[in-house]
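Two complexes are shown next, each including chain A; its partner changes from chain B in the first to chain C in the second.
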Partner chain A sequence: MGPELPSKAGQAPSLLKVQNLTKRYVQGGWFSRHQFEVTALENVSFALRRGTTLALVGESGSGKTTLGRCLARLVNPNSGEIWFEGRNLLALSSGALLKARRQIQLVFQESAAAMNPRLSAVEIVSEPLLIQERLRRKERRERALAMFERVGLSPLWADRSPLEFSGGQRQRLAVARALILDPTLLILDEALSGLDLSIQMHMANLLLALQSSLSLTYLFISHDLRLAAYVATEIAVMQRGKIVESGSVVDVFSNPKHSHTRLLIDTIPGSGGERV
Partner chain B sequence: MFLRATPRIVLPALVGLHLVVLLAGFFAPYDFASQNRMLPFAPPTRIHIIDSQGKLHARPFIYQWKATAEGVPQYKEDHSAVFPIRFFVSVPRYEIVGIVGFRWRLFGVETPARIFLLGSDAYGRDQLSRLLYGGQISLFAGPLATVISLSLGILLGATAGYYGSWIDEVLMRFAEVFLALPWLYLLFAVRAFLPMHAGPNQIFILLIVVIGVIGWARPARLIRGIALSAREREYVLAAKSFGASDAYILRRHILPQVSGVALTQAALLIPRYVLAEVTLSFLGLGVAEPAPSWGNMLAALQHYEIIGSYWWMSLPALALIPVFLAYYSLLAYYTVQDSSISEAIWKHREGFRPI
Partner chain C sequence: MARYFARRILSSLLLLVSVSILSFVLLEFAPGDFYETLRLNPRVSEATVNALRSQHGVNSSLPVRYFRWVHSVSKGEWGYSLAYDSPAAPILWTRAKNTLLLTGTAMILAWIIAIPFGTWGAARRGKAPDWFVRGTTSILLAIPDLVLALLLVLCAVRSGYFPAGGMVSFDFSEMSLWAKFRDLFRHLFLPCLCLAASSFPVLLSHTRTAVLEVLESPFITAARGYGIPVRRLLFRHALPAAANPLISLFGVSIGVLLSSSVLIEVIFGWPGLGQLLLEAILQRDFFLVIDSAMLATAFLVSGNLIADVLLYACDPRVRAN
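Then we have the complex of A and B:
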């Protein structure tokens, strides 16, 4: 184990601790005279306790997705540290990183885009097993079908193309795929955003039920504050690559300190705030 | 409806043609090199069932050609003897593609008569036999060189598209050089650097390697485009987040998408490469006499009097037509199947099927 992580007395220790994470993208080609940098993340720091849900909210372009992808080690940050279960994810050997990837799983917003249409549903759900455990086809299928039932999908649909599922069913498929390696942290990147309201509610309840039965930790990335408040215990508000305000959901909603947080709360439809 | 039936009709026909050519030893009545200096430029032998006396024969037969003038290849039928066509004639042992020994030919006539169904050439060699043996080189040059081109194209194109950055830049600038140079002249130039005199087998391998390697650029560019768009897909990103290696992503998510383009390219490249071999051999850069190729058989047509007087000498050129038609109909089929048009058409026909 690495250095002892600071934790408040009486609270669960941090599962994830992000320190001063910075990511800049360089725009413009090799020969272009107009190269310029876009800062997607600037000195982002936060901690996430085991078994809780942190909602990461903000407008589009505020760096939420980049942050999620940095944590899933799909994007390399320019500087900073990501401590996960006492180890810095940015300093792992490739073998250790492969093992660590089992613990952190990502659910994408566009489930249709995140699934190869040439594969069947059961192949998609069992793909992490193929990569991580090299199980035989039959065992992979059995475990995938068990996961189908866990997320409320019929195993009878196992051999369909992902395109034959409805949006909500496909998002369940995405959750099943993310859970099949038995992870501890799930990064839900706008996972409920493309769904209509009633299905959003079903999915949110499914996620909460899975969280308590599998003791999962969620990073819930969303632009929808109402949904964030429903799912999360803590909230962090992002604006232009920085976390401008964070705290428990109750505190932030009842007493928003930052002007951007107030703006986001006021623009919730039906909140009684000013119309924009 | 016809379009959908295309591969069911054309593929067996092509496979059949290639088999016949491969088994040339059996279907050809003579060896490709067997000469008869008494019968240069003999016209195609006529097959009869009624002889000159008006008598009906149960077995089809031929008459021997007899020269009518000294030194000029003009012939008339010699009605003094009847030579029936015999099937499954026993001959001295020969080898099929240098591997399997065989003692039978499909048909033949007894000596001294010779059966020339497609006439004979300047040395009195049977054109049909040479056409069949020549197909072993001309027809197989296409698919084999295409295998080389596509393998290189898939390997380099997928590498360029998937890894991007400087690898992509270097490979694609290199490909552009190959695309910018006129392909046929590049082929001549490269061929000119390589040894001219070798056995027919070595020359054949040399030809398919040169033709195949020079054609790598176009499939590579197309496949690079597919790899480039595929690697940005979120399902590739998802696989990476599970810890998938590059080899896994290429194999499972990117290369399966290449199959449509690969088939289309194959149907386009094969006839082109058949023609390339024919062209090289026609110009004397390919397979050398006495081994036949459709190209060096046509080389005789460079003489005006041969084209004018002996029409059967141009039959190897006509033999290319059905081959080209077959490949181009496959090209049409795969192109439509590969394009989004097919999705639009077939979506309504049998439910959505991602092709």
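Then we have the complex of A and C:
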């Protein structure tokens, strides 16, 4: 078992605890002299309490996606530890990893690209059940259709191709697929970016409603500080692979300590920052 | 959709007609005719040659000869071979069958090895299987077909097990069924290997690239996120998505079935269409040359059509358009 997770009195214990996570990508040609390393994550540490939402903000290329994918075990970090419900995710056997995967699900930004265009909407939502639970076809379909309703999609759309969906509907489909395995932690990687403002608000409210009804924990990755502040309780600011500032949303917004945080807040449209 | 395919078939027919006309015109400019060599024989008189020429219509004008040929095609004779002194069709069919036996076997062999190996290389990118796949590709690409063929002929002669040429042994007709099969197999083995080896690296690297591209796409990452096992990932998601470029390539493989083996047929003495074509060109056996060109074109066009039909059948996105 892992180290006892620190929990302050009156606070829920950490669901997730990340310590000194480092990820370097090798980029460039085939031969070592053309190659160079990019440090996407450098000694990242943070904790996430059950039932809360942590917003991970930062400019493009700061390592947000890499962090989310490390947590979902889609990218192997070079060093560091990821403790989830008291277990080190980086030291699991493949059988235990398969079980752990259903606990942590990811919603991608480009929902169209993240779905196999050859499958129908209901197949997309129900495939995780096939892998994780080996249910029969009819049961899978029923569970998927129930999830359709949960995220506000009409079951009449079940047999259509995801390519026929609008951006917002497809994002609902992506959320349905992520929730079908009944996860504990949902990583939303720019899940609302690229949607119209009004649809963003609808989706944000849907996410909040789902969070309280299913007692979910969110890691909300976004470059949009306003959206982050709307959805999240805590916020962590990333710059060049490091978390440069973190705290509750109220604290960070009212009293930003790091210059990069101030810069990000100042560039929010309507904040008055552009006048300077 | 039916309209699209009807249009494609119509334009293919037009293409075939144009190729036939073009072949006639081009051969018109080629010097000499079948009887040229006959005249070198001192015992054959000028008059005899001229009589033969007019008997077989070699002297008639181009349009007349063309329409005679069209008429004979409609009767299923496909013109007349002067060298074999017989309608062209039976000669062509036998030869085409022999070629298809060789190239078809080689094509199937190359594809059924290339697909799993290419997929395997892509799935284990940067690891040993991938290096093996890429190494094999580069080595086979670097060896010219001619060198490979000559090496194999050398092997055949040295080993004594494989015949150095031909399609069947002289006593083939007296063999039992099983012996016939073995005899054919022994003759087929080396030319088939050689032909497969020349198309294999292309298929292998295309499969690898196509699967690799798909494996990097976000929906594969998403599927890994819910714990999909590698085998299902490759066969249910990656290969179907990689199929489009491979189907087009498959169309090309079908298209060149009749024309890719000329060199191999000549080296291994395989009595196929390629060898026939070479003889026919050297002897100016007019109709055989034209018919061979027509057959090769017909295959090329059909390969394309087959690929289109397959694409239509396999890809929901093509159907949607």
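As a working rule, the second predicted complex is superposed on the first by the 269 of 276 C-alpha atoms of A that agree within 3 Å, B and C clash if a C-alpha of one lies under 4 Å from a C-alpha of the other, contacts with A are read in each partner's own complex, and residues count from 1 in each chain.
In the analysis below, a contact is a pair of C-beta atoms (placed from the backbone, for glycine too) under 8 Å apart; a residue touches a chain by one contact, two chains touch by 3 or more.
Nothing here was measured: the structure is a model prediction, and the numbers come from that model.
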Combined model on chain A: chain C and chain B, fit or clash: clash
Contacts of A:168 with chain B and chain C, given as first, second, both or neither: neither
Touched partner set for A:118, first chain B, second chain C, both or neither: both
Which superposed partner A:77 touches (first chain B, second chain C, both, neither): neither
Chain B versus chain C as contact partner of A:110, first or second or both or neither: both
Which of chain B and chain C A:128 touches, first, second, both or neither: both
Partner chain in contact with A:68 - chain B first, chain C second, else both or neither: neither
Chain A residues contacted in one complex by chain B, in the other by chain C: 69, 72, 74, 97-98, 101-102, 105-106, 108, 110, 113-118, 127-128, 131-132, 161, 163, 177, 181
Chain A - residues contacting chain C, complex: 69, 72, 74, 97-98, 101-102, 105-106, 108, 110, 113-118, 127-128, 131-132, 161, 163, 177, 181
Chain A to chain B touching residues, read off their complex: 69, 72-74, 97-98, 101-102, 104-106, 108, 110, 113-118, 127-128, 131-132, 161, 163-164, 177, 181
Residue ranges of chain C in contact with chain A within the complex: 217-219, 221-229, 232, 237, 240-241, 315-317, 320
Contact set on chain B toward chain A in their complex: 233-235, 237-244, 248, 252-253, 256-257, 352, 354
